[in-house]
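Note that the chains take the letters A, B, C and D in the order they are written out, and that residue 1 is the start of every chain.
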Amino acid sequence: MLELRNLSVHYGHKRVVGDVNLTLAPGQTLGLAGESGSGKSTVAMSVLRLLPRTARVEGEILLDGDDVRTMSWGRLRAVRWASASIVFQGAMHSLNPVRRVGDQIAEPMRLHGTPGSVRELLEQVELSAQKARAYPHELSGGQRQRVMIAMALACGPRLVIADEPTTALDVVVQAQVLSVLTRLVAEQDLGLLMISHDLSVLAQTCDELAVMHRGELVERGATREVIANPRHPHTAALTAAFPVIGDPAHRWAEQAPQPEPLLRVRDLVVDYGRTRAVDGVDLTVGHGEIVALVGQSGSGKTTLARTIMGLRKPSSGRVIFDGAPVPVKGAALKAFRRQVQLVLQDPASALNPRHTVRDAVAEGLRVHGIRGDEESLVSAAVERAELRPAELYLDSLPHELSGGQQQRVVIAGALVLQPRLLVADEPVASLDASVRGEIVALLLKLRHELGLASLIITHDLGLAWQIADRVAVMHQGKIVEQGSVEQVLLNPTHDYTRALLRAVPQV
Amino acid sequence: MRVKLCALLAVATTLGLATPPAAAEGRVILKVAIVQQIDSMNPFLAVFQSSTEVGRLMYDYLTAYAADDQRVTEGIANRWEPSADKLTWTFTVPEGKKWSDGQPITAQDVAFTYNLMLTNEVARTANGSFVTNFSSVTAPDDRTVVIRTKAPQVTMLALDVPIVPKHVWEKVTNIKDYANDQMPVVGSGPFVLTEHVAGQFIKLKANKSYWRGAPKYDELHFVYFQNSDAAVQALAKGEVDLVNRMAPAQFDSLKDKPGVTRNKAQGRRFVELLINPGAQTRAGEPIGDGNPALKDVRVRRAIAQAIDLDALVQRVSLGYAEKGAGLVPPVFGKWHWQPGESELRKFDPAAANAALDAAGYPRKADGTRFSLRLTGRAGRAYDEQASEYLKRQLGDVGIALDVRLVSDNQLNEATTVATYDLAFSGWATNVDPDFILGLHTCAQRPGADGKGGTTDAYFCDQTYDELYARQLSEFDEGKRVELVKQMQARFYDQVPAVVLAYENALEAYRSDHFARFTTQPAQGGVIMAQNGMWGYYGAEPAARAATSGSTWVGFAVVAAAVSSLLLAIVVYTRRRKATAGERE
Amino acid sequence: MRRGVRLWGRLGGAALSLVMVAVLGFFLFRVVPGDPVVSMTRGRPTTAAMQAELRAQFGLDRPLHEQFFSYFTSLLRGDLGTSFTFRRPVADVILERLGPTLLLVGTSTVIAVGLGLWLGVRAAWRRDSAFDKATTGVSLTLWAVPTFWLGMLLMMATGELFPSRGMRDTDTAPDFVSQALDVGHHLVLPSLTLVAVVCAEYMLVMRSSLLEEMHAPYLTTARAKGLRDDLVRRRHAVPNAVLPAITLVFLRFGLVVAGAITTETVFSWPGLGLLFYDALTGPDYFLLQGLLVVTAGAVVVMNLLAELLYGVLDPRVKVV
Amino acid sequence: MSRFNRAGVAGAAILAVAALVAVVAPLLISADELDVTRVTAAPWQSPGAEFWLGTDHTGRSVAVLVAQGAGTSLFVGLTAAVLAVGIGTLVGVVSGHFGGLVAGALLRITDFFLVLPALVLAIALSTVLPRGLGTIVLAIGLTSWPSTARMVRAQTLTIEARPFVERARALGGGHVHVIGRHVLPSVVPLVLVNATLAVATAIVAESTLAFLGLGDPTRISWGAMLHQAQLHGAVPQRAWWFLLPPGVAIVVVVLAFTLVGRALEAVVTPKR
């Protein structure tokens, strides 16, 4: 049905995709995996010739035997959506914000003269018919993604291309969307080309798996086979990046003895206007202990972290650090902030794009007026964050570094003040799979070498399994369950924890 | 659908705009450009010159000034007789004169008008100065008006007060809010006001029953212009028939324009340079911050001597002016004064230098003696240019000028509180010199609060004031002329101000539409801004050519452009539609 | 994502702005030096008593705070005082001149909006095409042109094709068609001047607004659905991009009224702008402050309307 | 992008020439050529060999006047823009960084000035204040800052919402640190762009005020020349040589500023 022969795409002199050969038969499901920049989305877009004008496409793209590249525009438009449709990533932006979703679903049907009703399509994706009158912003992320799926099925295509359809969704929602998608593909006997950076998502939905790396197809085979026995080293790195909960091989944290408490949170309440974001939380982090705070977005975990940092005032309750309450202002607060450092989710935005690595790392020193040899302190911190040799990086600007390197700079910026606690908000979420492991290892090494305690905030149960000593599960502002990693993740007692664990796609 | 609509629109526009609107047929209209706003049509309130000008067309005064020599002639009254003690004046209103609504004009109307002003403060707003000396006005019968004054008054035949119809105005309860816009407005003049759209135009139609005879054309329109530049353009295009108050350059630009005749007339205006002689209030308190050096009459004379009046006339007025001398312009030949050989101050920088040295103002190291501010009005061409010349000429005698060109109101402010050293000013004069002479008496200086003055020269001279009082009660005209000339000589000698020039009134008209206008005076007189309505009243239409259709060419051009543009869009859209399927 | 326009907050803000406009209007023009009565009576035989009478008529003899109080209370009743120049209620004078300005500004805005948005869409959609380069270049140039100068040039260039002043000829036949055509004839040059300048801005705004949307993912979705290029533009890109442009149109409409000062001055168009210019030379306090209150008030109201309209047009913004 | 850079370079070149003219002209032009009392040439000469842009109503060379006027127009444009952008930046940063009542009040005032018709206000101000360049600068500067303030405030808020500012706060950085190290450096490029465009607006505003007769009558500026042209009847005389050059000069310089501003904007604004 779909056949790519020697597909290459160039932007100017830059080759984005090189010599890709792929075939997909009706009813077949194929996962295309790869990290950002591996060219996987380019392949998807080239199928319907949606690449920008500046792209130079070579090779053949056969859709039902016709080469998309040489079709007339009229013919191409007839083929689009009727033969193959796309579920785009980020439904928020891929839906027109000022038109009702019903109209948007109906639009291709009118255009291609396909019979059918919006109501039926919405029912297929388990949405009520009233939602047709909604605007995209009135829907939740999962609902929007279902609208996208309904839209993709509107003209009864035989091939559906899904480009990162569940990225940015919470685990539970992701599971729901995936199940809708797989059910519909199976029911209607569609061909599915699914693109994702997340092997576990692909493993759950696709019979076959292809892995792309730097624009080339490096591996292709049955999903189970590829994951179990990766032949290409990159595939291996990708599989390793997704820890299997319960698998001791993926548990990197060594057991630590019960430590003395460093940070204690007692009955903490934080209100945002009328909403209660944090509702009576008790939490303890010991000296040198790594605690994972797990929850879905909106569960209040980020607010909790900000409050601990003293960036937000609690409505009631106390935060006790090293035996003393966290000060609320003045020099004492400043001194406290030396002790506790923050590592943010997206390193690219956590660094001022105008500041060099040196400036970024030294910022803490300058704020606190720490005298001494700034150069050597900065170098030491940078090398400690495993950017060696430091001189190579000190004068770089953030955009010259890769995501992993940027995150190391952020960590170095924290280390330079010799803190005792690191609060890391989704420290690996925005990193490519292969880099992720390195950062996790770095955090563990710092704990090992410096006795640095960490509070790691994440939605990723796998990460918690990999790194944490203890896990606290947060739901609607409350901590519903906490305890040692093994205890919580292997024998969950709370329903919510179980739901979370169920939703995690398994490789 | 869209395409059809566009096409339809194009056709409609073409048809619509290509047809010129019908001009009103068969009526002869005189269109006059005015630049000043009309403040009110209510003659008791209207103070702007433009309003007065229109008022003269609507209402006759008790007496009028003849067109040819400006002597007093018949107005509403045709005979007048002062009593022996000059305190009682009897005017006779003849039979047969009618208001424009057919009612007869009687002495009752005259008495009503004056009495309204005597009893109602608001009614004195515009012309109150004429009646301040009245003690009573009565009409013993329909033909006779008797005015009694408190003191003898020479200006009894120069009462510039519009006489209004009693039968209309007695119903007016609130003069202040009465706009006088019940069209057509009942009047006694040669024209009847029929329409007034503020800021756009004023329409009057000929009063067919005017007692002097109906005007020779049908309608008189005043068209409002933002500036004289636009008015001159409109004249050149034939949109208006008569323009005045032109700048010299504008006047020159019409020199060879076919169908346009220019009228260079002696004007009623003069421009002067005020020299702050140490301004004081009526009570004698100093006011303002004039340079004390100017209190010295020798310094003022030296300044006057250092100014080259001929150069100003030639370069600034481009020759369209006469060199200044006395306060009364030469257009009022009887009252005008020229210095004799002994009195004349010739332009003589050397003498001025010597005089200043002698007065005790030697040149300092930098070559200057002292510096003075020169205040003028920004945007008034004369001030802007003349200040350049004065700066240089006074610089030559060691007086540094700091030229300050300010807005109209700032200039007024500076002159009313005497915060100037030198300043440009100017006045329009009337047939009777009383006003312009009285302006420079001690009594015209402001009160203690700095308000209530009308002078801007702050002249206060015993000799002058005595002469003024004497001429005011001198009923022998020959003797009065002599007194008036003595006053001007005194003013010239004391130089509280230098009369720089009598500017010509520069006017032009479409001689292809109107063959001739009555000027006042007959020789070198003005058409507009007369002491009367002769210019408009006496206009004679030419053997009139039809209104040219040339202006409508523009319409046709636009119509063609618009429709071809629309057509192009239609075709373009069509063609795009046709190929749209095969393009991305 | 969801932005709310708090209706009461906006109304309150607008009301506060109006009050500030009123206060500013009063004090700003009281600082103007010069005695208006002296300006009025200049060059005429006037006595001190007559001047005092005039001052009393206009209430200028009362202390400033009394003047302000009476000004403010009458303002609330819609009374803007009495004009010195016209000796009529300021509100009447302004109302009389509102028509011509609305005609001029309205016509120009309609044409400028239509043309500007159309050109902007075309230019942005074919970015860097010859058409884009030409229209952008012309617009940038027109944007740099002082309005009055353009008006003078047009007047000089068209010579005798168009009337040089005003809104109508006085000798046109009184029937409606003739009058309308006459007004249209007079309208050509002033509106052309305004259109040229305003249109350029609309074009540039529409262009940049559409360029912002050009890479929006939903356009790719639309293309993938098989929509023709012009349909993608008309149905998807423009409805999104036109929102800021429409807001601008509303915002500008008020400002254009004020901006018509120069155009009206050059062409003696009997509207508010010309009135403003005339009032300045008085200085006609009450007229000036009335004009300021009315024009600034109009802008405030337009501003409010623009925000409310945005709430109607853009489903993401809710008026609460 | 490249097109605008080319246009930007062209604009910069024009500005360099204009600046050169503004600096050099007063040195080369003798006072006699500008003094109406000393010029000997006939007024209203059309362009010819001696006066290649003709003469004005007093017989001065239009070419000389245009060159002389460059200084005034540029000076007013630049100083007014600096004033406006200075006020705008201060207000914008303060109201963006600090919350609370001060910010609320500042925002209210900004919004108020934003809706006031700037030209009307500028005209009113220049009527109230004494004539002079300072007044013009003040009138333009005081009426054109709100857009800058709005923009700077928006940019400040954007920057403050960035994680790196949160990181700086978490490091213990105070107001001075955050404003000085993060907010200002990010705002400055935008302010620069804004200033460039503000100069363009200010030059047009100056010419408009001068045209309405509110300029400094003792100085020669392009707007003042147009005022003179109108006052002395250039249009009815068809004296295009008196009307065109100052206007073209305004358009060219304003366009140059706009082009440079847009080019800078393209450089400063991060590409999507």
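Definition applied: a residue touches a chain if its C-beta (ideal position, glycine included) is under 8 Å from a C-beta of that chain, and two chains touch if they have at least 3 such contacts.
Fair warning: this is a prediction, and the values are worked out from it, not measured in the lab.
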item: Chain nearest the overall C-alpha centroid of the shown protein atoms; value: C
item: Relative to chain D, chain with the most remote C-alpha centre; value: A
item: Distance between chain centroids, defined by C-alpha means - chain B, chain D (Å); value: 40
item: Euclidean distance of C-alpha centroids - chain A vs chain D, Å; value: 48
item: Between chain C and chain D, centroid-to-centroid distance (C-alpha), Å; value: 22
item: Mean-CA-position distance for chain B and chain A (Å); value: 84
item: Residue list for chain A, restricted to those that touch at least two other chains; value: none
item: Multi-chain contact residues (two or more partners), chain B; value: 233, 407, 409-410, 581, 583-584
item: Residue numbers of chain C (touch at least two other chains); value: 32-33, 155, 228, 265, 277, 280, 283
item: Partner chain C, residues of chain A touching it in the complex; value: 45, 48, 50, 77-82, 85-86, 88, 90, 92-99, 107-108, 111-112, 135, 137, 151
item: Residues of chain B that touch chain D when the two form their complex; value: 227-229, 232-233, 236, 247, 249-250, 253-254, 311, 315, 378-379, 381, 384-385, 388-389, 391-392, 403-407, 409-410
item: Chain A-facing residues of chain C, complex; value: 1-2, 216-218, 220-228, 235-236, 239-240, 243, 313-316
item: Residues of chain C defined as touching chain D within the complex; value: 13, 16-17, 20-21, 24, 28-29, 31-33, 128, 133, 140-141, 143-149, 152-153, 155-156, 215, 254-255, 257-259, 261-262, 265, 276-277, 280, 283, 288, 291-292, 295-296, 299-300, 303
item: In the complex with chain B, residue positions of chain C that touch it; value: 32-36, 38-54, 57, 84-88, 93, 96-97, 155, 158, 160-175, 177-182, 184-185, 188, 228-230, 265-268, 270, 274-275, 277-278, 280-283
